[in-house]
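For reference, the structure discussed in these notes is given below.
In this document, chain identifiers A, B, C and D correspond to the written order of the chains, with residue numbering beginning at 1 in each.
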Amino acid sequence: MSPSQSNQLRRAYGFDEVAIVPGDITLNPDQTNIELVIGNNTLAIPILAAAMDAVTDPDIAIAMSKMGGLAVLNLEGIQARYDNPGEILAEVSQSPDSKITALLQKIYSQPIKENLIGERINKIKSAGAVCAVSLTPANTKRFASLIAEAQADILVVQSTVTTARHISKSYRGLVFSELCQSVPIPVVVGNCVSHNACLELMQTGVSGILVGVGPGAACTTREVLGVGVPQITATIDCAAARDSYLKESGRYVPIITDGGFRKGGEVCKAIVAGADAVMLGSPFAQAMEAPGRGYHWGMSHPHPALPRGTRIKVGTTGTLEQILFGPTSVTDGSQNLVGSLRTAMGVCGAATIKEMQQVEMIIAPTIITEGKSWQLTGPSA
Amino acid sequence: MSPSQSNQLRRAYGFDEVAIVPGDITLNPDQTNIELVIGNNTLAIPILAAAMDAVTDPDIAIAMSKMGGLAVLNLEGIQARYDNPGEILAEVSQSPDSKITALLQKIYSQPIKENLIGERINKIKSAGAVCAVSLTPANTKRFASLIAEAQADILVVQSTVTTARHISKSYRGLVFSELCQSVPIPVVVGNCVSHNACLELMQTGVSGILVGVGPGAACTTREVLGVGVPQITATIDCAAARDSYLKESGRYVPIITDGGFRKGGEVCKAIVAGADAVMLGSPFAQAMEAPGRGYHWGMSHPHPALPRGTRIKVGTTGTLEQILFGPTSVTDGSQNLVGSLRTAMGVCGAATIKEMQQVEMIIAPTIITEGKSWQLTGPSA
Amino acid sequence: MSPSQSNQLRRAYGFDEVAIVPGDITLNPDQTNIELVIGNNTLAIPILAAAMDAVTDPDIAIAMSKMGGLAVLNLEGIQARYDNPGEILAEVSQSPDSKITALLQKIYSQPIKENLIGERINKIKSAGAVCAVSLTPANTKRFASLIAEAQADILVVQSTVTTARHISKSYRGLVFSELCQSVPIPVVVGNCVSHNACLELMQTGVSGILVGVGPGAACTTREVLGVGVPQITATIDCAAARDSYLKESGRYVPIITDGGFRKGGEVCKAIVAGADAVMLGSPFAQAMEAPGRGYHWGMSHPHPALPRGTRIKVGTTGTLEQILFGPTSVTDGSQNLVGSLRTAMGVCGAATIKEMQQVEMIIAPTIITEGKSWQLTGPSA
Amino acid sequence: MSPSQSNQLRRAYGFDEVAIVPGDITLNPDQTNIELVIGNNTLAIPILAAAMDAVTDPDIAIAMSKMGGLAVLNLEGIQARYDNPGEILAEVSQSPDSKITALLQKIYSQPIKENLIGERINKIKSAGAVCAVSLTPANTKRFASLIAEAQADILVVQSTVTTARHISKSYRGLVFSELCQSVPIPVVVGNCVSHNACLELMQTGVSGILVGVGPGAACTTREVLGVGVPQITATIDCAAARDSYLKESGRYVPIITDGGFRKGGEVCKAIVAGADAVMLGSPFAQAMEAPGRGYHWGMSHPHPALPRGTRIKVGTTGTLEQILFGPTSVTDGSQNLVGSLRTAMGVCGAATIKEMQQVEMIIAPTIITEGKSWQLTGPSA
């Protein structure tokens, strides 16, 4: 920190610290439009499933696409390293806690197989689904053309912190502007959390930005590195970068808030903070169809020298369709995420995502009191 | 959020975050006047019981009226759907937790019976009590004239978020200005939480406003939709709207803070924040006479696709009279609500509700320390 | 609240939210002077024991005085109602929780006996101790002259909230300016928490002010009435009133922060906030010699209609002398309160209470983290 | 507090309340330089082990030096009082909790033996390690020349709060400017937390400053004395003093944040706040080689009249080398501290400690929610 900043540290906010203010006009939820456009792909709902092994496999990618969303397949995970991923996933779900970090370190030390990349993409494409796949920057040069040839629709390049400028003596880093020109499909990159980093990434020609570093409690990036920006502030800042870039370039690059979501209310808050879409991990890991089989783990977990993450038992709460659209009998907001978003847009009088981004938000921390507060409010809307 | 607001999110406050500052003058509690006027009805005490099935039935409405308050009967609840509500209430109180959401979804899918609306109102009126009944906006056009004919005294039109302007393609929404002109009784509407929404509602000619969206912990609106404003801030903002409207119109429309109350101290804080009255749910669900039989549940609970609320065991702590007036041997503020209000007005030197609204309030969050703080202060006032 | 204040609620602070900043000079603790002057009485240490039945009886008053402090005997408590207080105190300590409020309501409904007032004062005086006794305003007119005749040294007039102006139709309230002129001993009054109320009380001629309303967790005034100001802010505001009054009158009226103390560090913070002395309840209720026998209860507890307080098991941790002066083997700051104060003054370079009041304080909330933080700092000073 | 400050108490921040914002440029971790210079000693890594008996003995001092860090040997601890420290350390680790304070009070009442000072230093020096030893100000005059003769490399003079000006009637205090001129080795002093105290200490000619008073939860200085400044604010303020002193004198005096660390992320935050190095206690007490044998205790603990600290079971989590450099299978940041620092510098684009001190930090409190948040973020960097 420069000394001049010492007395003016900026306060940042997370999901639990804000609330959405209802509007002066209300709207029937069925009149809302929540489309998301990434490059030439239009999605009916602005919800992505994360590129994590417990969340997305080819079957999930197909199912999500049919329901209007998008699940991103991680091409550095189990699906791209093992001919029979099911065996490995079973092994992960059956491992005791004491051995899980070592097991994951071993599993992810196996090489990525080029033929599996093609196979996985083909399976998704031949089902008629939109196919999005992800790589880290380090592997992108190696596999990008292979992915494009296999006719994936969207390439996601993702690491904990990604910038347009990376300095390395040992190798020439990935140059996003070159990548965007060389591959014929939209490129989404991340993660980033600050205005300038986001703006510079947009200027390389990418078609989408993932926003969020270290937001989750089980992602231990914040404990291990001290690095992280809470999601509401990160989204506000990157949304401002998007708007600046739109003015300077005429091109609209959607931002996708990624990480930390557990409930529909948080999805609504991210949109009000300025997101065009959201990417969720753990809520989808809870789906009956999820490859994690009731468990969830981070892709930073198996780092050999500095692991950051934990495997967590998330359980199974309903079908993928229930999680997205209901109906549901759980009352905590973890299911019917689309219903939550449309209903919140209704009470805010917002007909589109763009209008929802203009709604007022306040700082209203969740207070935990001794005697649990259990007052209920009036009849349903 | 508009980008310009990003660094200036407004902080909002709830009951647990503020405290009332005693005055420079003190006053004997028995010299306080706490009357509430709604239209042509004057109530001796500014306390309403919520329009919820666990709180208000015709017997409670009669008893509350005799004690100077007002209990609002929900005409979309069990009382208006079943000839014998007692059976249904017993079933709810005996259901295991695992089946309660499905049971409530089934119970509230039965149709409202017009003849029961008349019967319930008649019972209350023939006992000489003030009769207040509630509907959601969607059902108001259908039943409003029936209610007026049955000679109810006050009509409450209530939903989670209500505005003067609602947009729908499928039906022509309820127009409050038309409603107020067509029914010959005072109309109270809500809920709202912001200055402008409150002002616009007052401009339609209504006689009272319910303030509060999502304040309770078991009302899961905030988890499901992300929407809500803590009660102190909501009350301050709507009180300012009331004062603006009084200046522009010469008409005084009381605001009634609704939801989130557990203790007398919170009632006092709502009044200091600017409320003319308060509406409570769970404290009255704890009365021996309450129809909920020791349980409480929200009216948003049984929503078929997106339930928001939980049934909670609240227990039975005393009679309705003890809850309102004491005497009591509980020391946590959950009984003798009127005594709390009058005593607080005394230590603040406020002889009327209007004067109590001018008292100073500070931000003083409840701190939970490891070792429980148990210091006591001096002798009683 | 007046609408103009709505966006500018003042933040108030309690003990757990602040910390003292060490000085640029340090000082040997044995060079500090911590005297307190009330009227014509000079106390060696600025620590008072509260006028509560679990804390102060005549023996404690004598012992405290000999050690340089002051214990205030409550003349509306068990000592003034019962010939044999020991029996009653035993009964309280043996009552089960379920019956304690009713028992206390009964015990405190017995009349005060005038002869006992004289006896208790005589016992303290004849041991050569400074004798301070307390009454509520309602009983002060009746007993003040009796107390003066019995040659008590200090009269404390105390209620939850006390002001210079009290309005009542049923009786003519106590006028402090008349009281101060009619009794020949210093009068200390309280409690108050705000600048103006404190200033007005000083202007009546009193010799000391008790500061604090509702600071403790077991004092339920804040739950029941919503009224209270955290002790650091209350002390800062009343200290400012004292300084203003000194300028306008040339007379110095000490302020005594009362309530909420558990540890030496809190005593130090109160002094830095501006207090001239502190009054403690529960830490002294933990003394082996304390009349509460390991229990503590508030004097607002037995209010017949609106009880505010709870009996708490505080246990017995050491002798009165250890609590004041050590030596001790407890490391949580609950013993050797005088050692704490002198050592803190040393690291702040403050030779007198007056200098300690000028030391810097910061806002530094106690943070409770998941994994308990257990880092220790370097060698002892 | 002076009355004028009453409304402007400064907010101070600790580790758990801030987070580091990633940079606009990223950097390979292996390109970072993290050297620390103290006087004429250059250390490869800016990490010190605390001068505490559970942390540092001669073997640890040798091992730390070989790995590039520095462990400070306390010359007022067990190593300098007992010929066979192992016996005493075993006794401490085997004592029940109930007897530990009394035991430590007894152990530390034994005299310091001059011959042992020489022996311990010789052992470290003859192994080719950099030798740093510590004393309190009270003993410094007596032993300083002995230490210099034994050819220690760095003298640390440490107490809870140290200033350049100490007032005492009973003895002439240590004058640091005289000390620095009389001993031929670099002198590091502390602890201090504020800008002015730090600046005055630098002006005496010392070669390093220890920053931090009362930051840990088990160090009970804050409970006992009320004194303390959270580490982020203390570091920011003292770093500003260092920069001012550099401008006025041309001499760079490194500041070493000391106390409160548990995780690598906290080390990174201290550096961003302005520290040149960090000193850790409990993380090193967890090393297999640590003399505390799975326990840790403070050096203020055995104070005879006012003990401040507790013995805590910290357990044994790995080797000293794992704690510093990994590899590790723990995911909470308590191991591979150097890897954490280099990786964080990489995502912040900081090639040197000096550049890391310029990185942005935000206020982002750790929020503890009811349902544990367990969302994970994307693939590893």
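Note that a contact is a pair of C-beta atoms (placed from the backbone, for glycine too) under 8 Å apart; a residue touches a chain by one contact, two chains touch by 3 or more.
Computed from a prediction, not measured in an experiment: that's the story for all the values here.
Here the chain-to-chain distance from subunit A to subunit C, counted in touching steps, is 2.
Note: Cα superposition of subunit A onto subunit B, rotation of 90 degrees, nearest 5. Most remote from subunit B, judged by the distance between CA-atom centroids, is D.
Shared numbers divided by all numbers used gives the overlap of an interface; between subunit C and subunit D this overlap falls below half, so the copies present different residues.
The mean-CA centres of subunit A and subunit D are about 39 angstrom from one another, to the nearest whole unit. Between subunit B and subunit D the centroid-to-centroid distance comes to 56 Å (mean Cα coordinates, whole Å).
Across the assembly, subunit B contributes residues 10, 332, 368 that each touch 2 or more other chains. Listing the residues of subunit D that touch subunit C in their complex gives 1-3, 5-7, 9-12, 14, 16-17, 50-52, 74, 76, 101-102, 105, 134, 136, 158-170, 190-194, 196-197, 200, 210, 212-230, 233, 258-262, 280-282, 296-310, 312, 314, 332, 365-366, 368. Here subunit B touches subunit C in the complex through residues 10, 13, 18-28, 30-31, 236-237, 239-240, 243, 263-269, 272-274, 326-333, 336, 339-340, 343-344, 347-349, 357-364, 367-381, going by the rule given at the top.
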